[in-house]
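A, B and C label the chains in the order they appear, each numbered from 1.
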């Protein structure tokens, strides 16, 4: 590749477009009463409707509409007083009716925006991502490809279909074209999806788990020569399954397109697939027939026409926006910008907040989660929240505050909890990790240390206070680190006539 | 106007996933031409100021509560499957990408 | 003494009086089917076991003194387009040859709850596309009045079963006339209720915005009795009307049209209508005048576009509704020999599984919806729909009910129009506007055409949600004609199975 990323952004201006599909966490599917519970045995959550059996008919889930309106309001959209479902016709085995019930020219929410903050060379900058529409549709089933390479579509001998996921309510959130992000395009894309995810989570409308597919992102990008004012041909990258991948996919695609343009090659408007391993994209299989979805109004459903009263009812239930919530927490906890950003980037803000809500000191909660727990999580390549719960961390912080654990002991407790040895209390019990707070036990260890190092003791007696360090170290060693070092020091200096 | 060509019919047959023989395409092209000729006249009546009607009833906001109802048993769900394996519908290899 | 020539109402009375048991009544009908259905071919599938079990259940409940629905124990023939759990539901197509649905349609649920005895499934044009039942993958049904002729379509099996006394009640579905036109050409009664009056849940869709199931029988009162069993709000159908069902049984018994204004639609008569059809229709009008109604002429100028609009809207919706027949989850699968991918297997299956007319309409509908043609075809047809509704609105401002001949001709010969789709489509010219507007329509017999001695249908149309009015007018007209003829028209039907 001739052009590097910096070269590309020096010559070309990117335009972004992001389509996010989010599965709602309603109890039932979009158009039938089947459960949406994740992870059930195959084809146990299906019925005539979501299997597309002849004669079956859809009926809209009321809560799905409310969720759509909530999302629209949170994204500053107008809620359409009249919206309708349409059929998007195309054949695919994982789609039971061979059409998807979706919304086409009459979506429920239109014209919103979401502001995201990016750390730029000139400091923190706000980029406004305008939202074109939020519409309701249904998810497809899941195929398992058998034979050939593991689970891959290519080379498979046959496929096995599970329709448990078919019909789960899906919201499609589509941005307008986002110009003017320049070299920050990948970060803007990531920040947008992150902020969107946080909003959806705060609304309680979705589990927003990218790894389980409940939030999925298609990332579009095009390049145009700097200052040309023309819009380039875009590609659409699918299968972008983590926040990091959103950033990498845009980054990789900009380099690919930049190099093609540089070589005088055309950009083809196509669907591409993100390759997790390399961070590159590969072209999707081109279709034999041109796409023609033959949209028309879904005759089995009637219009959705929420009245103003209903919308206002829903507006009242909206929680504080994550960005405002963050600002409020930062003030309450007096956290510097940089550390706030660290918590946000580590995706631990909610966890820290939960820990604080259980009575922990904000600074301590932050430092345990971002420090020791994160370090262990890194080693194990898992999320910190998979290792500990806010309640466990809060419990440990409380024990330190009560003087029952030292920082060092607490680290052992964390290690024990992470290794599955039980709750903090159980680990302390099993490993015998209590602070030795019994002065007489400490005194006998002090006397033993003095007896072992009489010269050192003499130097301390004669006023060389720093020399006490060696004796304190010996006491700590003897007590297996379970003594409170400050108390040992105090007792030792008193004993050697240096107390005050 | 000659409403529809054989190639167009072939394209439509592909869109509709019907594998048609060459004879069938020829025959259908001429039939569709006649039919389209007959239905073409809807355009005379469809003036700009006439709103379309997609549905005979003026209903709106028909919804159901978000309450789980029993699903089919997997045996019933799979009862019509031409082929099944591992409690899943077994289908020939899928080429091409999902949407 | 056999009970099969009785009306459903009379059978019900005999059951209540314990003159006959439901089991015996079912068996009498199975015997009749055995005797005549080889010639008529009204049924695709018989469910003797299920029917007799239901009949036994009704008999037991009656013996125990339970309160039963008026039609409990009365046999019925079900059009093979409605699902019945565990019973083959083919829609007259090879595509669904061995499909046994795992669920009951709402219509079936209600029939079962009312104790109606479902004898079996009746023949139909494939996926309800046709006006003659010649498009069934399982061979045509023959008109009991003349076995060389069509019984109408798509519900020819249901109407023929009634006319052949194989069942006193039947369920039909009507997208462009498939209940009323078969009723007309077999001398029986068929009602298409207001759109949304009867749940579509479990009705295999042809054209969702037009389809409507309805009652078929040999008398107006019988259709009313069946109407009250199957109609009513269903939360499983979003377009189901959430309002009380009009009292159609009471209306059918009223026998009074004094002071009613009956509008004759100018455009649905005259040129293109068989002479004998017009004659019988006009005589029936005279009977209504004698009964005290006033006849007014109304004009519905946009009806001339109805047929064209229908043949765009119905195929468009059908092209989408029938996409699901792709061999992945149920039904026929062709070409799964390891050498074809899923997409090819879909195409090969759809080629093999659909008949000619179905393919023709799928392709037409695919065209009408495709980008670049949508506005000219589907979009324009929807505008025509608005114009037709406006025409009706204006007409109903002048008349309480509207009337016309149901079909332009009597039953034609099997094979006569098979190769001319446009000529075939003309059969539905008088019935289609009703579906386009979603209003109610009934066909009842008004005599035999002089040129061929075949039944002629009289159509009554009523505003949406006023289905009771057509029963009132229909009941009155039927009574007047029966007293004029001295007996119901069906008593003139030829004997069958006399080989």
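By our rule, contacts are C-beta pairs under 8 Å (C-beta built on N, C-alpha and C of every residue); 3 or more make two chains touch, one makes a residue touch a chain.
Since this is a predicted model, take the numbers as computed values, not measurements.
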Quiz item: If you average all the Cα positions, which chain's own average lands nearest?
Solution: B
Quiz prompt | Pair sharing more residue contacts (C-beta pairs) when B-C is set against A-B | solution = B-C
Self-check item: Mean-CA-position distance for chain C and chain A (Å)
Solution: 57
Exercise. Express in whole angstrom the distance between the two chain centres, defined as the mean CA positions of chain B and chain C.
Key: 24
Practice problem: Using mean C-alpha positions as chain centres, tell me how far chain A is from chain B in Å, no decimals. | Solution: 39
Practice problem: Identify all positions of chain A at which a residue touches two or more other chains, and write them in rising order. | Solution: 47-48, 51, 53, 59-60, 91, 93, 157, 159, 161, 292, 294, 296, 299, 301-302
Exercise. Please list all residues of chain B that touch 2 or more other chains.
Key: 14-15, 17, 54-55, 57, 59, 62, 64, 72, 77, 80, 89, 91-96
Quiz item: Which chain C residues sit where two or more other chains touch them?
Solution: 99, 101-103, 209, 235, 238-239, 319, 323, 326, 328-330, 338, 342-343, 346, 366, 370
Quiz item: Of all residues in chain C, which touch chain B in the complex?
Solution: 99-103, 195-196, 209, 235, 238-239, 241, 302, 305, 307-309, 311-312, 319, 323, 326-333, 336, 338, 340-348, 350-351, 354, 359-360, 362-364, 366-367, 370, 376-377, 379-387, 389, 421-422, 425, 436-439, 464
Practice problem: Provide the residue numbers of chain B that touch chain A in the complex, in ascending order. | Solution: 11, 14-15, 17, 54-55, 57, 59-69, 71-72, 74, 77-78, 80, 85-99
Self-check item: chain C residues within the chain A interface of the complex
Solution: 82-83, 89, 91, 96, 99, 101-103, 105, 200-205, 207-209, 235-239, 316-317, 319-320, 323-326, 328-330, 338, 342-343, 346, 366, 369-371, 374, 378
Quiz item: Quick one: in the complex, what on chain B touches chain C?
Solution: 4, 8-9, 12-20, 24, 28, 31-32, 34-36, 38-47, 50-57, 59, 62, 64, 72, 76-77, 79-83, 89, 91-96
Practice problem: Spell out the part of chain A that touches chain C in their complex, as residue ranges. | Solution: 47-48, 51-60, 87, 89, 91, 93, 96-99, 157, 159, 161, 292, 294-296, 299-302
